[in-house]
Every structure is written in structure tokens, then in C-alpha cells.
Amino acid sequence: MNALIFSALSGVIMMYSGFVFKSNKAIRTLAHILLALVIVANLMELKGIAIFEVDTKGMLYFDKFALLFMLIANFCTLAFFILSSKDMERVGRSYSEYFALLFFIIAGIAIASSFKSLLMLFLGIEIISIPLYILTGTDKLNLKSNEASLKYFLLGAFSTGLMLMGIALVYGATGSFITSEMVVNPQFEVLLVIGMMLLLFSMAFKVSAAPFHFWTPDVYDGAPTVFTSFMSTIVKAAGFIAFLRLFDDVFSGIRPEWKILVAFITAITLFIGNITAVFQQSVKRMLAYSSISQAGFMMLAVYALNSDAKEGLLLYAAAYSIATIGIFAVLIKMKDYTFDGFNGLARQQPLIAATLVVFLLSLAGIPLTAGFLSKFYMLKATINAGGILLAIFAVLMAAVSVYYYFRLIQSMYFKEGNPIAIDISTEFRFTLVALAGVTILLGLFPNLITHWLYF
Amino acid sequence: MGISEILFWILAALTLFSAVMVISSKNPVFSVLWLIFTFFTISAHYILLNAQFLAIVNIIVYAGAIMVLFLFVLMLMNLGKESEPKKNRWLKLAGAVAGGSLLLVMVAALRHTENQMTELVTGDIGLIKNLGKVLFTEFVVPFEISSILFLSAMVGAVVLGKRDKPVENLITPAVAADEVAVVSIENRDV
Amino acid sequence: MIVFLLFLIPLIGGLVSFLIRDGKAVRIWTLFVSIVLLGVSLAANNFVADPAQLSFNAQWLGTLGSSFSMKLDGLSKLLCLLTAVAYPIIFIATWKSSYTRPNNFFGLMLLTQAGLMGVFTATDALLFYFFWELALIPVYFLCSGWGGEKRISVTFKFFIYTFTASVVMLIGLVYLYFQTPDRSFSMESFYALNLDASTQSWVFWILFLAFAVKMPVFPFHTWQPDTYEQSPTAVTMVLSGIMVKMGIFGVIRWVLPIVPVGAYAWGDLVMSFSIAGIIYASIIAIQQDDLKRLIAYSSIAHIGLMAATLFAETRSGFQGVMIQMFNHGVNIIGLWIVVELIERQFGTRKLSQLGGIAQKAPVLATLLVIVAFANISLPLTNAFVGEFLMFNGIWNSAVTEYRIVFTALAGLSIILAAVYTLNMIQKVFFGPENDITSKGVDIRLNEKLALSGIVLLILVFGIYPQPLLNLTSGFVESLLTKINVANLIVN
Amino acid sequence: MALFVIGIVGVLTRRNAIIIFMCIELMLNAVNLLLVAFSKMNNLANAANNPSAGSDGQLFVFFIMVVAAAEVAVGLSIIVMLYRNTHSVDVNFLNRLKH
Amino acid sequence: MKNLIFLIPLLPFLGFLINGLGRNFLSKALVSIVGCGTVLASFIISLLLFINKDYSAQPIYYFDFINIEGLRIPFAFQVDQLSGLFLLIITGVGFLIHVYSTSYMHEELRAHFARYFAYLNLFVFSMLLLVMGANFVIMFIGWEGVGLCSYLLIGYWFKNVDFTKAAKKAFVMNRIGDLGFLLAVFWIIQQFGTVSYYELFNAETGKVAILSAQNSTAIVGITLLLFLGATGKSAQIPLYTWLPDAMAGPTPVSALIHAATMVTAGIYMIARSNVLFNLAPLTMGIIAVVGAATALLAATIAIRQNDIKKVLAYSTVSQLGYMFLALGTGAYVAAVFHVMTHAFFKALLFLGSGSVIHAVSGQQDIRLMGGLRKKLPVTYFTFLIGCIAIAGIPPLSGFFSKDAILLNVFVNDKFLWVIGLITAALTAFYMFRLLFITFNGTFRGTEEQRVHIHESPAAMTLPLIVLAVLSIIGGFIGVPELFMEGGEWLTGFLAPVVPVVKLHVEHATEYLLIALTTGVAVIAILLAFFRYKKYRPEQPSGFARVLENKWYVDELYNSIFVQPLNKLGVAANRYFERSGIDALVNGVGRLVHYGGRQMRWLQSGQVGNYILLMVISMFLFFLWQFFIRK
């Protein structure tokens, strides 16, 4: 609750900061401070200190899982701010508003990750989505951005419709929106199943799982790269948390009904994400597809739905977000977004190239990085849930993913070229290295995150 | 078959008809008008279902504010005339067929429960007084949270509309209209 | 504790060498590290009797049921020794090769060594997997960064191939983890498993695939000749001398004792493929014009024999495989050194362009002939002992009905090996000189040193192999017990 | 239910962004209607003794309307922005981003 | 004395090491001294052993070569009568060849000279290991060792590509036999659990005697495989073709290979395992037939060869066939006896031919020789003795050993005896053809060569003389009792290893046979004399051409083994490897790539299509969930 309120307030403050401060630097500093405050508040709550006592009537419940995820999300956002917030200046003039929207999204994430009522789920998802529609379209003179924004909006609204229908049907079958108060009326079980399916589809849409992923590449590609970075990582992870919670709380009773469906969706997601990524020439678009394939892996958590899955999802969220944010942060600095644009980067910027390698290895799931362990958790959870074939399929697809991630490494290290990277500050380097360090650290000691769940 | 039931069937038929007209009208303006008509019939449904408050809000917010906004934008863009190029016939057909099949499947899955849904009851929970009470006790948190939503929508409209002067002027009233709508709802509740 | 040192020394040494900018200094440093490691390894093999010293256990990933545990038993000792011996020889042999960014090169080399040491000593499945990949990644960078013309695509194929297989193995390991009663990745728990026959038979494949690709067993071998051809020679030495042993090691440690029934059920098939691979690779080796490819195919043939022997499940066979792992490592490194020398001097590896080097470089020729004859396992060279025991193992196998056929067909390899190896000697060293080779000179001191070291190892273990046999005899005994007990239970 | 599907079909068959948007609104209305019906249906038994029973469904409808309003604001501003740049609201025109 | 046994092989090995490592420093004289001295020392020790009768079937254990549970292979020597005899032959004849070589190879560069002696020493070492080893594995070490050395020596002049190819051929052919040997060893291990001769063949506790009776298939298998090994090493059908090609090496090497060492290994091995072979009559039959066939085939080829060394080479093959014929009829002693006499006269002949070649500046074609009798008296005379000996004219050594063999064969199988007899006649014929063409008539070479002809130095003639003497008297250790009281000394000597089998033949028959053999030989010699007294080069025609081309066996092997193997390799490499397996592997990658490309079309960029696809998939999901799943 702390973080939710703080972030919402921060959003409001940022909204007005544009009138107060004229310098972007001041706005940026303010945003950093506010985010730090949010994190502090979050930590305090995790330690059991709540600043605000709000009775949510059982609609929100901030358990360790949610808080921990919020913490991860906030930390990743902080990293994102440090690495890329300067680049938001290049998107458009409404600098402070961007921050405001980002803070609102964080608030939405807080809601989506701690909902206990379908209403809250709906509101949370919408609070996340609406600012995203806007952020996607912020590069107003760029037709690609416009187009992406409209596509995102239309499809998003469509999926909202599906979600609402699903909620309505679930409500019809159970008589309540509060997850703990649901009583399944056996007469209406078929309603519940249809509702579940609709919710499944719409959530699959939000986390860009196939075959509801079509918006993802276009939107990620069209959106200003800074915001792609944010929306493809933290927001997506939040979607998964919500997804997991929803199915854990509401539909765990009818698991046989959806287990195969989820497995199927997972498999197609993995397949489409990886296979299509192979052919991409633009790193940005490749990352978009890679995010689909990573989503496939996270879907395994939904499939497995056990404690490993939850731990793993947290780890996954952290690992995936850090790595992707890092890569995007460098991508933003590049002139040329194609693979060839990275040729020879290792010569020019050895340190940055090395950190990128760490991130890519993490995404590919190579041991000693957080990416491996998070994938490992997912596989473990899946096998525990009996999906050994699915696990095998997943690792095969992971092997495919190595192909496109390593293409970038090849470009940087083994090809000659003269890439143009602009505006790389010491601070930027330092943060990247720190993130790489975190990636490796988590790869060695995942308990750093997961033990919070149990202490 | 009571009067309310007859009414229900008539309304239902009207609703569906107007909805079909929405999607089949060649002229977008007519579509909007048909949509408004649909909203009216839905409001009538609400009344049948004893949800008077919703019926009113529906008319005010949807038919009043939102649809006017739509119309406004349409007029602004000068899209009143048939401007839609021919869409691939096959694609259209495929869309219709796919949607139709989806309907069929869903209805088939739901056929056991279909009967239940038409039963109508009376009651007074739909009254503003009762709803307001619940809204500000149990549902106060989502209510506040929805303000975040509005704030972000507002900021968004501002962000998107900022640069070009003429459009900015256009968008701002839209936001204002929303604000007004919210305010009006709040006022009514209280 | 000393086992941890085996891993730690190259790891730290490798990380340090990244920081040494000076090319000369980094060479000296890495050589120093590798020699220290050799010392430690020898000490571990000979002077440390305390079992507590030979194992290492630390808490790690407790919630996952995995711990950082390592142990030196006979098998690990042997392979660690091989790794430790090979590196100084490789460094000395390639002393004069110049590399761009030498600090990265040597750093990665040592990291690979750390990974190898880890693979050979890990007694925890997850840890094993970690090391497995740790050994792979630096090699990928080494090959891609310093290799030949087509290095990028070739190495990529190699990497994806092995990676794919290894992740499938990971699934198998996790599956096994869930079968253990105490939910643990430790080797002991895995060994204690007693799965039913049908489970074993598919788990076997999941596990075996990774090792089959790594070894490689026909028909998973196609990455190998290309990779060997394109890699820098020092890396090729590591790859063929040590890394392929990871596959065999893996089967011995992680397949046979865990799914003995599966191994028994599929043994005939695997043996058939391995032996087909021996003949196939030998026949192709005869046709090769490129020295590196020739040796690569020869290696496939040799490894095929080892793979086949593993599934014969006899004492003699296992002993043979183990001693052969060591010996093959030594021999093939020797061959690569020769190739490196030839290529550096004459700028070509094509058999058709070489010839008559024996006149120009008699020392090289002599040493090569010895190494080459070790490659075809002539008696009194080290390889003979291994192959003798392996053939004997297959012949005396109790688990296959086709033992005689297998032995006879596998035996063809000693004929075919003679054909291609002598072909190679003849075309490279004998005959008249030509334009390319007439400029040649004999080898330098460091190269003599490295090759002499190899030759010395070849002869010493060829004449008196008993120390190596003793090293692993205890291990083989326990391995056989495990396999047999498991077979008995099921039958 | 039929209304919902008509909405979907509308989304499918039209290419004017605004009309698609309207069809989505249609879908939302279908949901609203359904919710109200369900809220009645589920509380048949206890409607008598608890005056506020079933109000959650209706309030949900209320929130949907709120959200829909916000969406309309954002959506229309996006459409307008696009129109400014392209002078078209034809979604099929939007295929600069593909593959 | 026994303590010195280990020195017998070790000394030549040391010689090898010294000469090999010091080849750039040691002078030729020093090399010669080391090379010959070590072998001489070994010979002296062997002789002392012989004189002291220090023979025993008990192995002398040194260390464990391989010792794993269930299989213990000690590094041990066994010097009994059989190996003792071989030791004498190897070191004795070997020494003479070494001495001969010091002169023959004198024109080589210093380093190569040393290399040559190093190889020679290694050769002797390997052969000693072969005969001294106390078990099959040690024997195998020597067995392969001589293969290696023959490879090195045949390819000694490595600049010549053909020579190195011949060396390769020798090694590969040998390896085929070695494989048989090796498999036999495994089978022995499986059957008996040991490879030690003592444990296997010992009359009291020998495992063969105890275990074998029950399983005759195994025995037949083992013996057949062993025999396969022997055919490789001892140049029998079908693996004999390497031996004539092995003439590529320096002539003394040929002498060493053909006379004293290598090729006798097979005989030694079979004689050594006579216990085993006696239990396998089938194998014995096969050996006899193969031996006879080889003897005849090689003899026919030898008639038409024009290379002086090739004639001798085929003669060797033929004589080896004789020995196998003897072995096959159970006459182990006769075979060993023939090995010994053959060692003498064949070494003599080879060294003689070397002397000839040396004299005519490296010319080997007898068609370009002739009339050398006057110029090379010593050579001619010793060569003549060699020819008489090999032709089997009494009382030279060849007569006795050949007679012993034929007698045995006659008792066992009349048909094979006829073949033996024909072979004997052919032998006499081709040897004297060689003699006459080479030494009689007039010189047919170039003028330059003619001027250059000279008798060889003492270091070469001396060994010739010694060998000639041995060829004359060597037969007396096996004189049949028919001629001399207390004859058959060799049989008695070898009795501890090879049980004595008494033949029951009438004296009259025996005399008749002797007369027949001798008569046939004499007739053949006369024929040769008349035909080749005045030789003129002639064009072979018809059948002669077939003979000159060695029955086209090489071509046959080439077309049924070598070519298909090469073609298979090329095909495997090109079609199976590249476009088969590898293409499959790459194909997976390409498929993924292709799939990626096709997948892109789904991403059409059109919102309408996206929604349509979503709706269709929703529809399918619903369909599946509610109608298909249940």
C-alpha cells in the first residue's frame, strides 16, 4: 500500500513539476528521488512497517510475493531511470508528464500484483494500459509511433472487452468479485470455464502470449525505444504476476480445465517468439520477439503454479527485466538498430560490450547468470507439475534463442565495423556494470531474492 | 408471459437490430446514431432489471458525453460521407464467419444456463441511495484508484494533444467533458 | 579442500590474466598458473591420502537441493591430471603463436580449464551442469574470436549443437531430482535411485544425448571436423584433448550408474552406432586432404571405440576407456602440436601441398612418427594398452549378444587407422620436397620441449601403464558394483 | 451475449478506426448488461433481507463506464493525432510495422 | 646366466636409443660399433644360454605390464628351447647382417646411417621381444614392433614415394593379420583367463589341456585367427603381397626381414602354440592347404620375375609356404628346422644379391646383368651354395629340412606332397635361372656399370662366407636317423616344447622319397641350365605374362579392396557426410530460419488481420475445450 500511494502521489507531483521546474535535469532528479522514496516505502512495508493503514475490504492484499515483486519492479525502474531517463528528452517535450505516466504505471503494477478482487485486477490492468497507449504514441511526428499507439489501443481495448466479459461470466458463476469469497455454483460451472478462458485470452494478450501476441512486435518496434524498454520488461512482468495470481487464486480449482490450454499457449508462444526472432534484422524488433519467447518461458510458471513457479517468476522478472533494460539502454544509444549496427562494438566500447554479453547470456539462459537460474526454476516447476515434454520443448526453443542472442555477440565481437554510439557517460557505464554484476550475483545466489519470500 | 417479459424480448430484438445497424452502416455518422439508439435500448434493459441508476448514467455518460465526442471527432475529420474503401470481401466474410462461429460455440457451451439468464427480478438495489452507500464504504478504494486512471488519461490526452494548436483545442474539451461527467456522477451520488 | 584448489586456481588465474595487458607477461603468468596447477594435481594424486582433503562441500542453492560439492575419486583424478598436464604442454607448444588481445585469449583458456576441472570433480548434478556450460562458453569465444575464416558460423553451430543437447540433459537431471526421495541433486542421491525400466530407458536418452553430441558419437559428429578445422590450434587441443572426454566422463559418471537398465537396454544400439562411426570416420579420414580434418575424423573414430566400450560394461573395458581417455588426450594434443608447427611454418595444412618435410625437420618428423604410431595404438605406446583393454572389454562383454561382431568390426579401425595415419605421414613428411616445404626448418626449443613431453608420456605409459590403471581400478570396481547390482535388481 | 459477438464482428469487419472503437464500446455494453443481469440472478435468494446484495455487480458496471470514458478520451486523442499525420483513420493503411 | 636374459633384448634397444638420439653426433664408425656390438653381445648371451642349457619353461617375471582384476599380463620372458633356438638365429644372422650393412650402407649420410642402424637394432629388439615374451601379449608387442620396423626400414629411403607406399602396404597388410592375432588373444583370454604360455600350455596344469576339450569351436576359432595373424606376418595367401614389395628397402633389410626375423614370426607363433593347434584338426588342414597353395603360387611367380630381389622374395614366400605346409601336417620341428636353414641360405642369397647390386651400381634387373661370375668370385660362389641349399640338393642344409617336411606331408596327405614336390622342382628351377642369368653369359648393362663392377669389401663378403658355411653344415642338426645314428637332434632338443611325434615310415619309402626329391631338383637345375645358360632378354607371352604380373593378384586386391574403400570414402565424405548428416544438422537450422521467415507473414501489420487471427484462435480454443476434449 505504501508503494501504491507513494507512486500515485509521485505521479501527481511529477505532473505538476513541469510547471515548477523548467530544467529537465531538475525534473529528472526529482523523479529519481521520488522513486527512491517509493522504494524505501516499499522496503518498509516488506519489513512490516506500513505508513498507511487502509482497509481495502479484501480487494487488495499486500503479501510478501506482491511486495517483493513490487520491490523488484521498482528497482528495475530505478535502473531504467538511471540508464535511460535522459534519453526520454529526445522523445518529445512533455518530459515531466512522461515521468508522471511512468509513476502511474508503477501504481498500476502495485494494484495488479496485489489484487484480491477482479475489479482491482481490471482497474490495475487499465491503469497500466492507458498510460502505455499514450507513451507508445509520444513520438508524435513519427508515423510508426502513431501507428503503434493506435494498434495497441485498439487491440488493448478489444482485449479489455474480452477480460470484462470473462469477469462478468466468472461473476455470474460465482457471485462475487472477491477471490476469497467466490463460491462456484455447480450449475454454472460452464460459465466459469468460459469466463476463465476469456480471462486467459485477455491475460495472454496483456503478456503477449501467442496467439494473442500480434500487437507486441509492432508496438514494441513503433514505440519510442525508451518506453519499449520499460513496457517490455517491468510491465510485462507485472502482467505475469497478475496472471499467476489470477489463476492461482481464482481458477486453481478447475486446473484440469485449463492446464492443457495453458500448455498449448505456452508452446505456441515459445515457438512463434523464438522462430520469428531468428529472422529479424533489427535488434529492437528481435528484442520484441525475444520478449514473446521469454513470455513463453514465464507462462511455464502459470502452467506449473507451485512454489517453485512463484519463486522462479520473481527471479525471472528480475533477471529478464535487468537484462532487457540493459540491452535497451545500449540500444537507445546506437544510431543503427540493425545487427550490423553493432559490428565492432567490442573494439570501441569493450566494457559496454562485455556487459551486453552478460545480459545476452542471461537472456539466453546460460549458467552463472540470473537468466539461467530463472529458467531453471521454471523448468523445475514445470517438470514437477508433470509437463516434462513441455519442458523439453521449452529448452529446445531456448536453444533456438541462443541463435539470435548470440548473433548480437557475434556482431559486437567477431565482426568489423564502426558503430556509432552517442552520449555514454561514466554514470551510465557504472550502472550497466552494476546491473551486470547483479545479473551474475543472482545467477550464483538466487536466494538473495527468493529468501525474502520465506523469512 | 408477463408484460416485462414481452418488453424484454422486444427490447432485446431492438438492441440487436440497432447493433447490427451500427456495424453495417456505410456512413459512420449513422453508425454513431445507431449506437446511441442501442445505448438507449440498453438503458431500457437496465430499467427492466431495476438498475435505474445505471440506466441514467448510461444515457448521460455514454449516449450523452461519449457519443457526442465520437460524433464531434467524426465531424471534425469530415468523415461524414462514406469514406471507407472497400475491404477485402473475403476478409469481411471470414470475420463474420469467425465471429459467428465463436458465438455459436459459446452459446452451445452455455445452452444449459441460457434459460436462467432471462429470469427477471425486482428489487431496489439499483437505487442511487443504496449504490452510493456501498460505493463509498466498500468500494472506496477502487473509487479512489480510478482517479489515478483519470489522471493518467488526462495527462495522456494532454501529452498527445500538446503540440499542434488546433488539435489541442479540440482535445481539451474532451477531457473537460470527462471531468464534468465524473463530477456530475459524484454529485449525484452524494 | 585440495579439490577446490584445482578449480579455484585456474579460475582466479584466468580472471587475473584478463587484467594483464602485456602479452609476454600474460603468457608467463598463465604458464605459471598451469604449472602450479599441475603440481597441485600431482600432489592430489600422490600425496594426499586424507579423504576429507579430496572432497569439498559448501552450502549453495540450498533451496534447490543443490550444494557446491566436489570430490576427487579415481576417475576425477585421472581426468584432472590430464587437464593439468595438457595445459602446460599446450602453452609451451604455442608459445610462439601470436594472438591479438592475448590477455583475453589466455584468460579464457584458463577459465575453460576451471570449467573442465569443475566438470570432472563435481558431485552435484546441478553444479556439474554449471561447469559443463562454464567450460563451453569460453571455448565459444575462443573459437569465434581467434579461429579461421569460417569460424563464426562453424563455432556457432558447434555451440548451439552442444548447448541444445546439454539443456535437454538438464531436463533429465531435473527429472531425476524429482525422483530422489530427499529432493537433492547430489550424486549419491542419484545413484541411490532405482527407477523402473521404462523410465530408465527414456531418461537414458535424455541424458545420453548431451554426452553423445559432446563425444561425439556418430551421427552427432558433424560439428567436430569443422570446429577443429576452424579453431585456433591451442583451442583445438583443449577441445579434442580434454573436452571430448567430458562426454565419456559424463556417461561414466552420470548415465551408467544412474540408469543402468536404460543403458543396458540401449547398449546394443549405441554400440552399433559407435562402431559404425568408427568405420565411417576412418573411411572418411582416409579421404581427407586437410590435416586438421583428418585428425578430427581420427579422433571421432577413437572416441567411437571408447563410447562402444562403455556399453560393454566390463572391467577390462572400463579400465581401458579410462586409461585411453588420458592417453588419447595426450596423443591428440601431440598431433595438434605437429599440425600447428606445420601450418605455421608452411602456411598450409593441405596434404597435397606438403611433402618431404622429414628432410628439413628430422626431429619433428621423428617425434611425429612416434605420436602418429601412438595414434594407431602400436604396442609400447600408451594407446595400445587402452585399446587392448577396450577391445578385450568388448569381446568379453556379457551384456551384448553381438560382442564378437562388434569387436571384429571395431577392430577394423586398427587397420583403417593405420591406413590414414600412414597416409598422413607419407604425404606430409616423405617424398620429395616441393616449393612450399623446401624453405622449412626444424622445430624450436619450446616445441621440442612440448613434443618431447608428449612422447615421454606416450612411452612411459606405453611401457608401464600400471600407475594409471591403479588410479582408476578402485573406481571401476565400485562402478561395476553399481551397474551390476542395479541390473540384478531389475532382472 | 449476441451483442458482444456483434461487437466482435464489427471489430473484425470494419476498417474505420473510429467505428472499430465504437464496436468495442458495444462489447463493453454487452458486458455491462450481462453483469447487471448476473448481479440480479446471483442474489435471488438474499435480495429480500440484504438491500445491498448484488450491488457489487452494478458498481462494477459503473467502474466499467468510468474506465470506458477514460479510454475514449485517450483513444480519440490517439485517433486524432494519427489523423493529423495521415489524414486517414483507415486501419488497413497502418502497415508500416510488420514482419 | 638367467639374470642376463633381460639384456638380450635390452642391448639392441639401447643400441637403438644411442644411435637414434645421437645420430647427429656419432661418427659412422661409432654407430657401426654400437649397432653391431649390441647385437653381437646379445648373440653371445644367447649362445651362452644355449651352451649352458639354461632353458626353462618357467617365465622370468619382470613387472606387471597390465594388471587389472581378472586379467594379469606380466612383462615376462620365457626362454625355452624353442625361443632359445630362435634367439640364436635372430641374433646370429642379425649380427651378420649388421656387419654386412656397415659396408653396404656406407655411402649414406651420417645421420641417415645412424638412423638405419637404429632401425635395425629396433628390429632385432622387436623380434627378440616377440620370441622371448612369456605370453601372447608380449609376443604381440614384438609382433607389431617388427611390423613397425619393417615399415620404417622399407620406407628408409623416404624421398621415394613408391618406397614409402610399399612400406605402408607392408604395415597395413600386417595389421590385417594383427587384428586376427589380437582377436585370438581376446578369445584366449575369454576362454582361459590367461595369456601366459606356461599357464596355457604346460603339460600338467595347462589350461588348454584342461578346458579345451569341451569347446572345440572356440579352439578352432582361436587357431584360425592366430593363423590369420600368421598369414600377415609370414606372407601367406591371402596376405603375402606386401613381401615382394618390401624389397623397396635396402637389401640387408630384406635379408633381415626374410631370413632371420619378421616372416618367421608366424612359424614361431604356431609352433609355440602347437598344443592349441593340435586340438584343431580343421585349422591344421587349412594351414596345410594354404601353405601348399602359397608355396606353389609364389614359386610359379618367381619363375618369371626379373628383379633379382623379387625372385628371392617370392622364393621366400614359397619357402614360407613350405613351412606352413609342415606346420599344417603337425611337423612343427620340421618347420622350425626349415626356418633355421632357410635363415641361413636366404640371408646368404639376399646378402649375395646385395653384393651383386652393390657391384652393378644399384641395378636390380637381372636382364641387365650377366657374366658376373668372373668379376665377383666370392659372391658367385656363396650364391651358388645358397642356390644349391635352397634347391634341396644333399647334403646341404636345405635338403634335410625340406626332406623332413616332405616326408611328413607324404605321410599325411599325398596330394599336398605332390604339390610340395612340384614346388621343390620349381624352386630349383627359378633359383638356378636366377643364378645363370645373373652370373653366366655376358654383361648386358651399360658400359659405365661394367667398368665399375668390383667385388665387395670384406665386411660384406665375410658374412657371406660365414652364411655359406652355415648353409652347408646347418642341416646336420636335423639329419634323419636314417643317415646317422643319433640323428634328429633337433627333435630331441625341442621335445620339451614340441612333443615328439614318431612317424612310421618304411626306410625304403624314405629312400625313395629322397631320391625322388633330389632327382626332381636336379632335373630342374639342368633344365634351367640349358634354358638360361646363354640368356637373352625375351618378351613374355601368354601364360608367362600372367606369371610375370604375379597372377594379377595385386590388381585384384586393388580393385576389390582398395578402390572400393577409396570410393566409399569419397562417397561417404561427399554424399553422406556433407549432404547427408551435416546437411540434416544444418537443415534443422535452416528450417528454423525458414520457419522464421514464413512466420513473419502472420505479422501482416494489419490490425484487422490480427483480430481475426485472435478470434479464430479463440474459436478453436473454445471448440477444443468444449467439443473435442470431451
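Read from first to last, the chains carry the letters A, B, C, D and E; within each, the first residue is number 1.
In this text, a residue touches a chain if its C-beta (ideal position, glycine included) is under 8 Å from a C-beta of that chain, and two chains touch if they have at least 3 such contacts.
Note that the structure is a prediction, hence the values are computed from the model and not measured.
Any chain that touches chain A and also touches chain B is listed here: D, E. Centrality by Cα centroid goes to chain C. Here the chain pair with the top count of touching C-beta pairs is B-D.
For this pair, chain A with chain E, the centres built from the Cα atoms lie 77 Å apart. In whole angstrom, the spacing between the mean C-alpha positions of chain A and chain C is 43.
For this pair, chain B with chain C, the centres built from the Cα atoms lie 71 Å apart. A separation of 6 Å divides the Cα centre of chain B from that of chain D.
Residue positions 7-8, 11-12, 15, 20-21, 37, 39, 41, 43, 56, 63, 67, 70-71, 74, 78-79, 81, 91-92, 94, 96-99 of chain D are each in touch with at least two other chains.
Of all residues in chain E, those that touch two or more other chains are 589, 600, 603, 605, 607-609, 611-612, 615, 618, 622, 626. Along chain B, residues 87, 95, 98-99, 102, 106, 109-110, 116, 138-139, 142, 146, 149, 152-153, 156, 160 each make contact with two or more other chains.
Of all the residues in chain D, the ones that touch chain A in their complex are 4, 7, 11, 17, 20-21, 24, 27-28, 30-31, 34-35, 37-39, 41-43, 56-57, 60, 63-64, 67, 70-71, 74-75, 78-79, 81-82, 85-86, 91, 94, 96-99. Chain D meets chain B in the complex at residues 1-3, 5-10, 12-16, 18-19, 21-23, 25-26, 29, 32-33, 36-37, 39-41, 43-44, 47, 51-56, 58-59, 61-63, 65-74, 76-81, 83-84, 89-90, 92. Residues of chain E touching chain B in their complex: 608-609, 612, 615-616, 618-619, 622-623, 626-627. Those residues of chain A that touch chain B in the complex are listed here as 8, 11-12, 15, 54, 56-57, 59-60, 92-94, 97-98, 100-101, 104, 107-108, 111, 117, 119-120, 123, 126-127, 130-131, 133-134, 137-138, 140, 187-188, 190-191, 193-194. Interface residues of chain C, counted against chain A in their complex, comprise 60-64, 126, 129-130, 133-134, 137, 141, 144-145, 151-152, 156, 159-160, 163-164, 167-168, 170-171, 174-175, 177-178, 206.
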